[in-house]
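These notes are about the structure you will find just below.
By letter and in written order, the chains are A, B, C, D, E and F; residue numbering begins at 1 in each of them.
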Amino acid sequence: MKKQLEDIGLVLSILLGVLLTYYLVRANIVSLTYGNIPLANLYLLSVPDPSSPFTSRSPEVVTSVVWDQRGYDTYFETSVLFLAIIGVLYAAGSSSLVEKGSLIATVIPRVITKLLFPVIIAVAISVALHGHLTPGGGFQGGSIFAVAPYMYLLIYGRSRLEGKGFRSNLLLFMRSLAVVLISLVGSIVLAIGFLTGVEAFLFQNQPKPPFSPIGFPAYIQLPWGGIFLFSGTLMILNVLEFTAVSTGFTLALIVIDSIAGGRE
Amino acid sequence: MSPLIILLLSAFSSVMALVATIKILYERDVLKTIIISGVESLFYSIILAAFLAPDLLIAYIAIGLGLNSAILLYALRGGERFEEAA
Amino acid sequence: MIDIILFAVGTILLVLSSILSLIGAVGFLRFRNFFLRLHPATVGSIGGGVYGLIGIALIALSLDIPDYVKYYVFGVALISAALVVFGSPTGSHLLARAAYRSGEARPEPIIRDKLKEAGLK
Amino acid sequence: MIETLLFYTIVITVGATAGVSLYGIVVKPHVVKKLVLLTVLSDAVNILVVLFGYYSKAVSPPVYPGGSLEGFVFPSSGELWDFSSVSVDPMPQVLIVTAIVIGLAELTFLSLITFKLGSLHKTLMFNRMEAEEE
Amino acid sequence: MVDASVLDILIPVVLGVYSLAYAIYSIIVLRGPTVPDMVLALDVMTVDLIVIYLLIALFYNSPMLAIGAIPLASWILILDLVVAKYLMEARRK
Amino acid sequence: MRRILVVGLSIALVYLVYTGSLSVSEALISLVVGFAVASLIGGELVVDESKLSLKRFIEAVKYAFKYFTIIEYQAHYQVVKAILSRNPGLKPAIVEVPYDVNSEIAIVTIANSITNTPGTVVVDVDEEKKRFYVHWIFAEAFEGEGARKGVSAEFEEWAKRIFD
């Protein structure tokens, strides 16, 4: 009886999902033919185009929208992650953090961890630094970076990771510093505009000619010719977000591992 | 230009994801369900690649496959591994 | 000239390794025990993965495509091949060890088990 | 024709996955299983939103190709029109990047709470916890 | 330089074979009787998926889709480590 | 100091290969990243500085080339034949393989070489008695020199030449 009830519930829930998607298809929200949506075209055409007033001077539309057009929103999203980690720290309390020998640390993972550590960090930094040019960005780079200290933590234990400089106090400090710096970078144009008496916006990147004449530079001329493109705040914010996310993940994993992992 | 094989692959993946969810529903071993949810994120990541969302792809793999599984395994250490019928 | 050689070598590697990956999957279905399945898994990840990645790297080098595509695909293929070469045996070893020691999967049927005789369990 | 069929298959199965996982969250007693199904639900909904942005002519992600740190040449407006006619809609992807991060934050916190709950009650099954309290 | 159009035949064929292997592995992952079986199949499936990503990137002639390969290769190792650790600790209980 | 240089340059190379574009600014960034990471982990990665030499590196390249062509070919051939034949004729056993190298990285080279050839997987390592426990599906000998000859003799020879 119980079993049949469960099956009926399953079928009903599938039907619910199908009904939802039927609505989406019927309302032409999901469709294969409907291209050239105005909002999409606005972003796709204006973000990489230096002559447009809404430009970010960056070929990467997603990261530009995340940090430029929607920067205020993303800042609070980063804060949510930050608060979650603070919450984890508080909920963890002050339990005794006894170091136990790792059960999986045979010689093979010990050496391979050391070998892959720098490779993963190099890749993560590359992903974060090219966030405004290729897919990726601070968040993605940070989540790749977290592999390296986590692997080290699983194999060698917490005290050796702390010996490498990944101490919880330092990580928390870096994380907070990065969040503070993100808000500082976001409000710097506003502050200048306030001081000089011209109009400016929170998380403004490039100058927006009819509305606001000031903003960050997008590139610098290199002494050996050519330009070095950093798209105003995008690269700075990506690097800061990279710091915030990588240290935050590392910290959360260290804390959870020392609470839930070290038992035998 | 024929993305047919790619569409076919992602259609297969989405069907397998549905199968995996039903499997999760009926599986008693919670450790297995955590691994299946990792597989599910692989299935979805192929859909993300096919529908051209590379930014999400990276974030999604790192989180769905790795971090979620690791964190859920920590949660599972708090209690029993097998679910009994209610 | 050298492009054609690179392309030919890469194509051969890619096709060969796709077949090997299929064979590995078939072996996975045919073998009935975790410890036996470790071997088709190696066929699948080294024969089916690493050689294919090297083949893709060579093909990307030889093609007439923009530079930013060419070198990026080349680099990603090589680095991920390296990660697979170092990571996959480590994962297999750890899984086998954990499975043996926790009793999650038994090695039987087996003709001789020196690990049990050594009593390391 | 077959393209449309496959695309709608994907849409419908993803929607059905969301429904099933929602059902599982309500019915199943094990807390960690609820969390697993929660991740599945959020994944399925995220994928559904990403599907909004796709259309059959799209062959390029919303990233103008050829970006490099040094010597990048900004596209002219004609090139941009070409690019925008083959690129998918960036807006759903932007929304989902945010959603993924928030989902992770929530899961991290919930999992630690779950662990604490489990160590307190010596069980992770809701029905047993209730039986214990009575 | 080899003309890129030769890939129009090669890539769908190779992609088809890899997809077949991927499909078989995905069935094994869902079926596999024990946990190590599932994780092992997941490993191999990931390697196949890396190749599939790179093939899709070559096919669309856009390098951006290849970027998922590295996180896959690195996080799958973590999954192995974590599951091995869980199994080893469950033994001690 | 030399180890920081070598490790840093290798990491810079990895960064450049991954990034896939070579320009002056990329090269500068790669050097910064390389030396920063090398100062973090270089001391652990290269334990004995005196062993860094070009000769050993050439040996390693030679070994990698031979391993990925001849040795892998033979191992794959055996296992593929077993998978495809109707009667595989498997003789699975966990055998005890002694090894005789000292440095950790040499042990790992041997172990990963064993695992990466289909047919043999290192299940456990006993570092005190210097033994691998290898699951071998075509077991011919179970311990001592016989097992070493069948499983790891060649890898061990190369590992000694490269790392010891």
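Convention: a contact is a pair of C-beta atoms (placed from the backbone, for glycine too) under 8 Å apart; a residue touches a chain by one contact, two chains touch by 3 or more.
Keep in mind that what you see is a predicted model, and the values were worked out from it rather than measured.
Any chain touching chain C that also touches chain D appears here: A, E, F. Common partners of chain D and chain F, by the touch rule above, are A, C. Closest chain to the protein centre (all Cα atoms averaged), using per-chain Cα means: E. Farthest chain from chain F, judged by C-alpha centroids: D. If each chain is reduced to the centroid of its CA atoms, chain A and chain C end up 31 Å from each other. We define each chain's centre as the mean of its Cα atoms; on that basis chain A and chain B are separated by 21 Å.
Multi-chain contact residues, meaning those touching two or more other chains, occur in chain C at positions 24, 26, 38, 68-69, 72-73, 76, 79, 83, 86-90, 92-94, 96-98.
In chain F, the residues that reach two or more other chains under the touch definition are 14, 18-21, 23-25, 29, 111-112, 122, 124. For chain B, residues that reach two or more other chains under the stated contact definition are 8, 22, 25, 52, 54-55, 57-59, 62-63, 66-67, 70-71, 74-78.
Interfaces, counted as pairs of touching chains, are A-B, A-C, A-D, A-E, A-F, B-D, B-E, C-D, C-E, C-F, D-E, D-F.
Here chain C touches chain E in the complex through residues 3-4, 7, 11, 14-15, 17-19, 21-22, 24-26, 28-29, 34, 37-38, 41, 44-45, 48-49, 52-53, 56, 59-60, 62-65, 68-69, 72-73, 76-77, 79-80, 83-84, 87-88, 90-92, 94-99, 101-105, going by the rule given at the top. Interface of chain F with chain D (complex): residues 21, 23-26, 29. Partner chain D is touched in their complex by these residues of chain B: 1, 3-4, 7-8, 10-11, 14-15, 17-18, 21-22, 24-25, 30, 33-34, 37, 40-41, 44, 47-48, 51-56, 59-60, 63-64, 67-68, 71-72, 74-80, 83-84, 86.
Per the touch definition, chain F reaches chain C in the complex via residues 14, 17-22, 72, 76, 79-80, 83-84, 88, 90-96, 111-112, 115-119, 121-124, 126, 131, 133, 135, 137, 139, 142-143. Residues 63-64, 67, 70-71, 74-75, 77-78, 81-82, 84-85, 88-89, 92 of chain E are the ones that touch chain A when the two sit in their complex.
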